[in-house]
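Each of the next two complexes has chain A plus one more chain, namely chain B in the first and chain C in the second.
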Partner chain A sequence: MIARRTLIDLGVALGALAAIAVILEAWTRAFNVPTYLLPAPSAVAARMATDAGVLAREGGITLSEAAAGFVLGTGVAFALATVMAWSRPFERTLFPLAILVKLTPIVAVAPLFTLWFGFGTAPKVAIAALITFFPMLVNSFVGLRSADLQEVAFLETLGASGREIFRHLRVPSALPYLFSGARISLNLALIGAVIGEWTGADRGLGRVIFVANANLDLTILFGAVLVLAAIGIAANAFVGAAERRLLHWHPIAVAT
Partner chain B sequence: MRGFAFLAAVLLVACNAPAAAPSLTPTPVPTENVTFMAGFKPQADLPFVAVYVAHEKGYFRDQSLEVEIQHATSGEHIQLLATNRVQFSTGSAGDVMKRVASAGVPIVSIAQIGQRDEQSFAVRADSPIRTLKDWEGRLVGYKSTVSADYLALLQLGGVDRSKVREVAVGFDPRVLVDGRVDVYPVFTANEPDTLSRIGVPVRLFDPTTLGVPGLGLSFITNKQTIDAKPDVALRFLRAALRGLADAIADRDAAIDVVMKYATGEDRAHQRYMLDTEIDAAQNDLTRANGIGAMDRSRYVALRDFLLQYGGLARTVDVDAVFTDRFVKELYKDGRLVWR
Partner chain C sequence: MPVAIALHGVSAGYASPVLHDIDLEVGNEVVAIVGRSGSGKTTLLRLIAGLVEPTSGTVDLLGVAPAVARRRKRIGFVAQDARLHPWRTVRENVTLPLEVNRRARTNGHITPDEWVARMGLTEATDAYPHQLSGGMRQRVALARSLVIDPEVLLMDEPLASLDELTRDDLRDELLRLWEGRARSVVYVTHDIEEAVLLADRVIVIGGRPAGVLGEVQISLARPRTRAMRREPGFHDLVEEVREHLE
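Our next item is the complex of A and B:
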């Protein structure tokens, strides 16, 4: 049932994409739009086929940076959310700091990450981690606090320890929120990795996009953006599948 | 008989005098609205200063032009120029060639302001790196892509590229301060002063001094303006070059104007930028023909150099990327003719 629905969803999405591509193709041909303003989808597709190896290699690098940043950012966020959910004083102390992190323009601080962490992968991972941090923190915190108070009281009357309540009640209650945070954070991690690559990198899709923009080479630019989108869609599908598997008992698993 | 004919001619001219009178009072030129988009943020890049000063002093209005000044943030000025949403902008001669060669963008340089390469390679003043050969075994940065200038310098210095560690360093020169990189690419009029102000003076490897045929910023327009409204291009350039002459004559006053646009910038740094770019705008060619003068042979040399070192994807007709017809018309004996 779920597999059939997924196939239908995929078909609808691909149909919509194909329709947009056909409209753009007709538009660019009818009005003879120069490639440096808007390349025809067929030109983008041809370029993607020609440079498939390059796009796959650079996409793999961006994906690895984003994945590392995602794990780091969401891991730290979950740990802090746990502390905040446990203790009101910690909540009052940490939440303003988390908002400060959230409001810091990533583009402004990204060059500093190169100064602090050097060239290579580390600054990109750090930026991806920073950008994924806040959504996961908020979702984890709200999720951990969402456990039914009557159920908590019931477990306490049975003599369950705080750790047992956390493990057997709070975390399962928080799972829908955690998956929601993961969906948001995964895409943000990709954006973070790309921003990191803009500020000084010799690899990755962000660099491909940066150089293509400087050279007005829009076919490869859109090719790289499409690869990035494909990675994002695949990552979301992966999280969706994990969510359905782990939350098969929850109404949200039916809805997604 | 000959005297009669002369008298008749005089009478004829005299009789026609009222009809000819309007030619003595020029027909007012209708005001044209144009947009100038500087190729970067507001700062004392010399072509920007020229436009700021011309605008401030009303030179554009005198030329029946209403000029809106905009600034690009990420290279969008080229596309806007190509689609005629912007009529005038700035770009280095090499960049114009690249855009024409790679994408066929219909843009043309109409006045060459920077007469030398605008980029150099900086090392800390206390660095043991003294010669190009010393780059071997060092970490050398590039901003976004390895440039033709860099490859030319390696060849000129006899440097074995396999012994140089190259790294993309982005646009923050502080990586040179903390020693994360040994050689850092700079805009000669910009980062050396920034670094000096934070206590890190630098020495420069200047491609132009070392024989690389580079050119700096030029005023650029699109083919549509050149073909359909060449008088507008001429009037824009006349006003801008007068503003530029004023800026050279009174640099403090020019910086006063710059600071109206470049709010929040450091005035002394803007002055450094202006002084450096004024120096780079003058050479024997401009002393003879005026600031902004163009020499076809230098464009040919630049194109051939870029082709040799991979800076151009394919060759380009230099006559399609620059025209000196306007600057030639505007100057007489090296002096700008104002009318």
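Our next item is the complex of A and C:
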């Protein structure tokens, strides 16, 4: 069932993409659009085939940076949300700081990170982590606070410890929120990694796009964007499958 | 009769006082607390469970403070419209109380599976709460509160959100349960007839802040059945409780 749903989702996405490709192909051929303005999908496909190795390698680098940033950002966000859900003073202190982080434009700090952490993997991971942090923090916090108060009372009358209530009630109650946070954060992490590569890197899809832009090499530029989109779609499908599996008890998961 | 629950001069409240100078002793009996909505019935129950601290007076549960009784796992609690743990099956919900606070004794002579069976939930053992009706959910709530074999059972309008027929069935179930094992039960309700049918004593609270307005001994014989509602003495008792309320 789960695999079938994922396949259907993927099929619909690919179908839409194919339709757009056909239209663009016809357009570029009919009006003889020059390649440096808009390359024909067939040209992009041919370029993707010849440079498949490069795209796969650079895509893998971007994916691993985004994944590391996602794990770091959401991990720290969940830990902080736990502390904030635990104590009001912490919530009052940490929330304004979190909003500060949120309001800082990523494009503004990205060059700074390159300055601090060099041209390697670190600044990309840091940007991806920073950009995923806030949506996950808010979702985790609201989720952990969403536990049913009657159920909390029930566990308390059984002498359950705070840790037991956290494990048996608060974390499962937060799961739907954690998943919606993860869905937002996952895409943001990819964008974060690409922005990081854009501002200074020798590897990754962001670098490929940057160089292609400078050279007006649009076939590889579109190729890189398509690889990025494919990674995003695959990551979302993965989260969706995990969500359906873990939230089978949730009325919304059942309904959709 | 040994006293299981003892409240002496208890007042409680949040921003404004809710309860004022309540004295209440409960032995091995069923005591129904009756009052209008918002009269502090639930606060009184939470006070007994130690979920709310009194602003003055003392609460004793089985000779100790409520917090200690809780740690010893002596309290069963059934809320109105229990949402249960939606990610757990019926059986897993019933075993939950055995999984937390493991240091406390849990000498339930009756296993979770037996409780599931007694509540007529055998067919639903592996179902999730969202697949159950309101009545079935309350049966699960009842089973999970009894699985630790509590000395004190606190019930907060457990049947209020159910339809009439389901309510009658579950009421019979409760009566049957209480015939078996002697327990101290505090049963909060706004349904006077229900209070008279179930309880050995009905205590009426009201006012602002709420105090004890009156008490009615229910002399109906046990075992009780729903047919007793048609007996001549029944309505006298109901009227007597109603007078205290007005």
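As a convention for this text, the second predicted complex is superposed on the first by the 246 of 256 C-alpha atoms of A that agree within 3 Å, B and C clash if a C-alpha of one lies under 4 Å from a C-alpha of the other, contacts with A are read in each partner's own complex, and residues count from 1 in each chain.
We take it that a residue touches a chain if its C-beta (ideal position, glycine included) is under 8 Å from a C-beta of that chain, and two chains touch if they have at least 3 such contacts.
Being a predicted model, the structure only gives us computed values, none of them experimental.
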Self-check item: Joint occupancy of chain A by chain B and chain C, clash or fit
Solution: fit
Exercise. Would you check which partner chain A:P172 touches, where first means chain B only, second means chain C only, and both and neither mean what they say?
Key: second
Quiz item: Is A:E164 contacted by the first partner chain B, the second partner chain C, both or neither?
Solution: second
Quiz item: After superposition on the shared chain, which partner residues are touched by A:L216: those of chain B (first), chain C (second), both, or neither?
Solution: first
Quiz item: Should A:S64 be classified as contacting the first partner (chain B), the second (chain C), both, or neither?
Solution: neither
Quiz item: First (chain B), second (chain C), both or neither: which does A:Y36 touch?
Solution: first
Exercise. Look at A:D148 in the shared chain and tell me whether it touches chain B only, chain C only, both, or neither; answer first, second, both or neither.
Key: second
Exercise. Go through the superposed model and pick first if A:T6 touches only chain B, second if only chain C, both, or neither.
Key: neither
Exercise. Scan A:H250 for contacts with chain B and chain C and give back first, second, both or neither.
Key: second
Quiz item: How many degrees apart are chain B and chain C as seen from chain A, counting from C-alpha centres and rounding to the nearest 10?
Solution: 150
Quiz item: How far apart, in whole Å, are the nearest Cα atoms of chain B and chain C in the superposition?
Solution: 50
Exercise. Return the residues of chain A at which the contacts from chain B and from chain C coincide.
Key: none
Quiz prompt | Complex interface listing, chain A residues touching chain C | solution = 148, 150-151, 153-161, 164, 168-169, 172, 175, 248-251, 254
Quiz item: Which residues of chain B touch chain A in their complex?
Solution: 74-75, 78-79, 82-83, 98-99, 102-105, 144-145, 166-172, 174-175, 178, 180
Quiz prompt | Partner chain B, residues of chain A touching it in the complex | solution = 34-37, 111-112, 114-115, 118-119, 198-202, 207, 210-211, 213-217
Practice problem: Report the residues of chain C in contact with chain A in the complex, numbered from low to high. | Solution: 46, 49, 51, 70-73, 75-77, 79-88, 96-97, 99-101, 104, 128-130, 145, 148, 154
